[in-house]
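Each of the next two complexes has chain A plus one more chain, namely chain B in the first and chain C in the second.
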Partner chain A sequence: MTAAALRPELRDPLARRRLGRAVAAAVVLWPLLRLSEFRPSTLFDPANLHVMATFVAGFLPPATNAEFLGFLLTATLQTLAMATAGMALAFVVALPLALAATRSLSVAAVGPAEGRWRGQGIRHGVRMLMVLLRSVPEVVWALMFVRALGLGPAAGVLALAITYGGMLAKVYAEILESADARPARALLAAGSGRVGALCFGLLPLAAQELVSYTVYRWECAVRAAVVMGFVGAGGLGQLLDQSLKMLSGGEVSSIALVFLALVFLADAISLALRKVLA
Partner chain B sequence: MSLRLEQVGVVHANGRRALAGVDLAVAPGERVALIGPSGAGKTTLLRVAAASLRPTEGRVALLDAQPWSLGARALKALRARVGFVHQAPPIPPRLRVVSAVLAGRLGQWSLTRALRSWVAPADAAGARDALARVGLAERLFERCDQLSGGQLQRVAVARTLYQSPRLLLADEPVSALDAATADAVLRELVGYSVASGASFVASLHAVDLALRWFPRIVGVRDGRVMFDLAAAEVTPDRLAALYAGDAPAVPERPVETTHGATPPLASA
Partner chain C sequence: MRARLRRVAGVASVAAVLVAVAASFAYLAVDFRGLFTAEGRHEMARFVAEFFPPDASPDFLRRAGFAALQTLAVSVLGTLIAMLAGGLLALPAAGRLGAAGKWGARFVLSFLRSMPELVWAALMVLAAGLGPFAGTLALALHTTGVLGRLFAESLENAAPAPEAALRELGAGPVARFVYGTLPQVAPQCVGYTLYRWEMNIRMATILGVVGAGGLGQMLYFHLSLFQQPQAATVLAGMIVLVVASDSLSGRIRRALSAQSH
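So, the complex of A and B:
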């Protein structure tokens, strides 16, 4: 410690608070790690290693027979369609919610005017709704919709629309709020409405961020669509379920390669779009 | 009256007082410069006059309406008639110049018109005319991050001119510009005020510009109006008292109050 650090007027007034927060975070996280039974050592137990080795060996080579590849193609398209349709619906759900929840687009906050408390009430209500939408995992919704609508991707689409609608709305609102609010405020102060201030004040600042988050969520939606396939929503998940049950490792690794390709695709789309918007 | 402030006081949320007992009345077509040391309350006064800051004390009337007793819709319509040139241009860098200018009329446009203009500029000709007045007509379709700071400020002026307000307010509109451009931009703003009959209230730290372009000068210090005089009555003594203890922005030599010392921007 240097002499300067001991001089009281040079002591960072936030230092103690920051240290306290770090300790608190560690105290909260440690029991969570224990609860999740995370013990890395079990991975390297010789008996477990042997089981894993034979399991992994079954994966090679990937299945390439024409009949299976046909199934794989249909299933991939079905999963992509489910994810994309679900995201499109989720976007329609999220857009008005995000617009209502973003504080820097509040007209009443300029001044502030009379409607400020009402506006704050609406924002709280919308945030509650967003929590409700995303609190139940999409797989649970899918299970319920499969009961109601029968087997097939329609259940997955609806499940994605609900859960992802809530997630998109929350993150959209937060991205918009972290952008510089002054351009939007200036427009609102000159009589512009909420949507005008969004389009001409906030979107030019936040578009890149919003697009890359949306493409990333689409990538997540593809994975979620796979998981929902296990509960009867069709697509790659259902195919994977069958291959696993038949202990066909080659088919499983083919499917895994498709996952890899899809994530690469999402990444490429995201990069390209960011370049366009840069 | 275009603007009438009566005993206006502002105490910010952090408890700091910015204005106290300010009375100011501005007639239609009148031009008023606010001068005074930094931190005097000029920006706060202008924000109150623009109905974007609600005073904690006193009464405000704007274009013969009381903004803070209006409903949301009427307040929006009133704000659409008040133009404000900010000290730092509030324009996102990725916006194109044409959109930045067209955004000036968002308050007058319907939602569909605003969205249409977002997809494709609705009135490129109007935007170009406004830009021509600040000498930037040929930058119409460039992005704002390709402009210099001074050029961006001129785009912000063009936006306000395109808005065609009935009351024109400006907070240090030319502090980021070089002397010749500052003079030319003020000429355009003054020209708009004269041609349209809109009142023009601006804060300026360059006292010579204030004396040259504004017939009436209001000196502000510590949140109060120190003097409210015709430009010819503003003596060096009064300026010295206004800026006492602050870095003086007092012009060294007497400035002529005739208009038209520099060439217009469009030909520059």
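So, the complex of A and C:
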């Protein structure tokens, strides 16, 4: 080691820079570790270890009594229904927003037209609205709707409709704008309306991508629907939250198994749908 | 014939989707009409009005600022730990340590990945107690699964020639990897990590809902006590954090791609 350090041809030419960077990283990391109360020793605290050990020991066998399986089936159906209904509403929210935000459908871009500034203003406003809808995470929306509407899947459906509406609108607008704008422009220049230009100019080019993105989002919505249950929006998440609070390991492992199966199923359905529709 | 079959399948799946949507609304039996009646609208307006004006007293702002910093710290540390652990697991997952190691590592990675962060957080609160440490662990566990798979894919796609050349020269396995393959995959891995960090900031803001510290815990606390003005301040903090980190990481990624071209 020392011999290598003394022989100049074996010395790392970047040693000084690497040392400086390591020191800088340590200086930045230290306050982060303090802020996040980073104490790995708590993991080995006897009390925590005991709770965890009894809990994990309960994982096997998974709970299979008839009453619990009944709950599990209802919760699973509820989660799937929440994701599907939420996606349907999100689609309804996203469609007008995406159309309003798409530049390729601007009449003013074709030639001199009245309302050019108004059109631009509307597009900016719509884009701001889309950012606002997306930037609050769906769990937070769900938390708020649970306060406003009470416990249950309604809160989850609305939360999905809002965040996924904003997300779909943004991506739809991007997909529509990345398609070749000339057919739509030609239609607009020939005097067609915006809807006509969309249906015959843009959609034929972009339909595949739009459909496959929507189906992919549904898959994400299934996962999000599970997570939103944690704040009281029903379905598998709420069941999991209850079982965790009761430290019932068998129930938790059953729910986790169903959850994994659901994710794989959603994956398979979405793959099949994309193949058929695209 | 084939085209016709495709069309039938297409129509059938569109019909299936419509039926599924109708069945979902029917199964949930949610009555959204309540939202649009005069009374419902009035209720909603009152609920929203309770959030204004947000609590802007210096003392509360200081606490919210601290929670925002905590959220930021959780996201950075969780992502860093995941980068290291994902890198370690990616080596066997890319098939460098034999077939058994490959399938073992892949199984671990996909298990870590398939549990959502919030579920990990609920479990980690049991294992490590309430607080941001549980959130850090939860983020690290899920992100390890995601990054490990992406890193393994980059490793598999890296060109084998540099390593082979070093082997010919008699370099050991560590030196072969560090000087032959790592420089090829490092930029892509850093890019993936930055992208995940951006998502983890969002995630870290909500992990607190199950007791894992930061802005989420504050939001849950104040909403539970029906202190809407305080909750409004925390919400504003979340939006600022998310929008700022989005634009920052966008700028970093643009700078990185400008450098590499």
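We take it that the second predicted complex is superposed on the first by the 209 of 278 C-alpha atoms of A that agree within 3 Å, B and C clash if a C-alpha of one lies under 4 Å from a C-alpha of the other, contacts with A are read in each partner's own complex, and residues count from 1 in each chain.
Just so it is clear, a residue touches a chain if its C-beta (ideal position, glycine included) is under 8 Å from a C-beta of that chain, and two chains touch if they have at least 3 such contacts.
Note that the coordinates shown come from a computational prediction; the quantities given were computed from them, not determined experimentally.
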First, second, both or neither for A:L187, with chain B first and chain C second: first
Contacts of A:M52 with chain B and chain C, given as first, second, both or neither: second
Chain B versus chain C as contact partner of A:L151, first or second or both or neither: neither
Greater residue coverage of chain A in the superposed arrangement, chain B or chain C: C
Contacts of A:L244 with chain B and chain C, given as first, second, both or neither: second
Partner chain(s) touched by A:T84 [first = chain B, second = chain C, both, neither]: second
First, second, both or neither for A:L271, with chain B first and chain C second: neither
Shared chain A surface residues [contacts with chain B and with chain C]: 277
Chain C - residues contacting chain A, complex: 6, 9-10, 13-14, 17, 20-21, 23-25, 27-28, 30, 32, 43-44, 47, 69-70, 72-74, 76-77, 80, 114-116, 118-119, 122-123, 126-129, 131-133, 135-136, 202-203, 205-206, 209-210, 213, 216, 219-220, 223, 235, 238-239, 242-243, 246
Contacting residues of chain B [partner chain A, same complex]: 50-54, 68, 72, 75-84, 86, 88, 90-95, 99-100, 102-104, 106-109, 111, 114-115, 118, 163
Chain A residues within the chain B interface of the complex: 107-108, 110-115, 180, 182-183, 185-187, 189-193, 195-197, 199-202, 204-205, 207, 277
Residue ranges of chain A in contact with chain C within the complex: 29, 31-33, 35-39, 42-43, 45, 48, 51-52, 55, 77-78, 80-82, 84-85, 88, 131-132, 135-137, 139-140, 143-144, 147-148, 152-154, 157, 223, 226-227, 230-231, 237, 240-241, 244, 247, 256, 259-260, 263, 273, 276-277
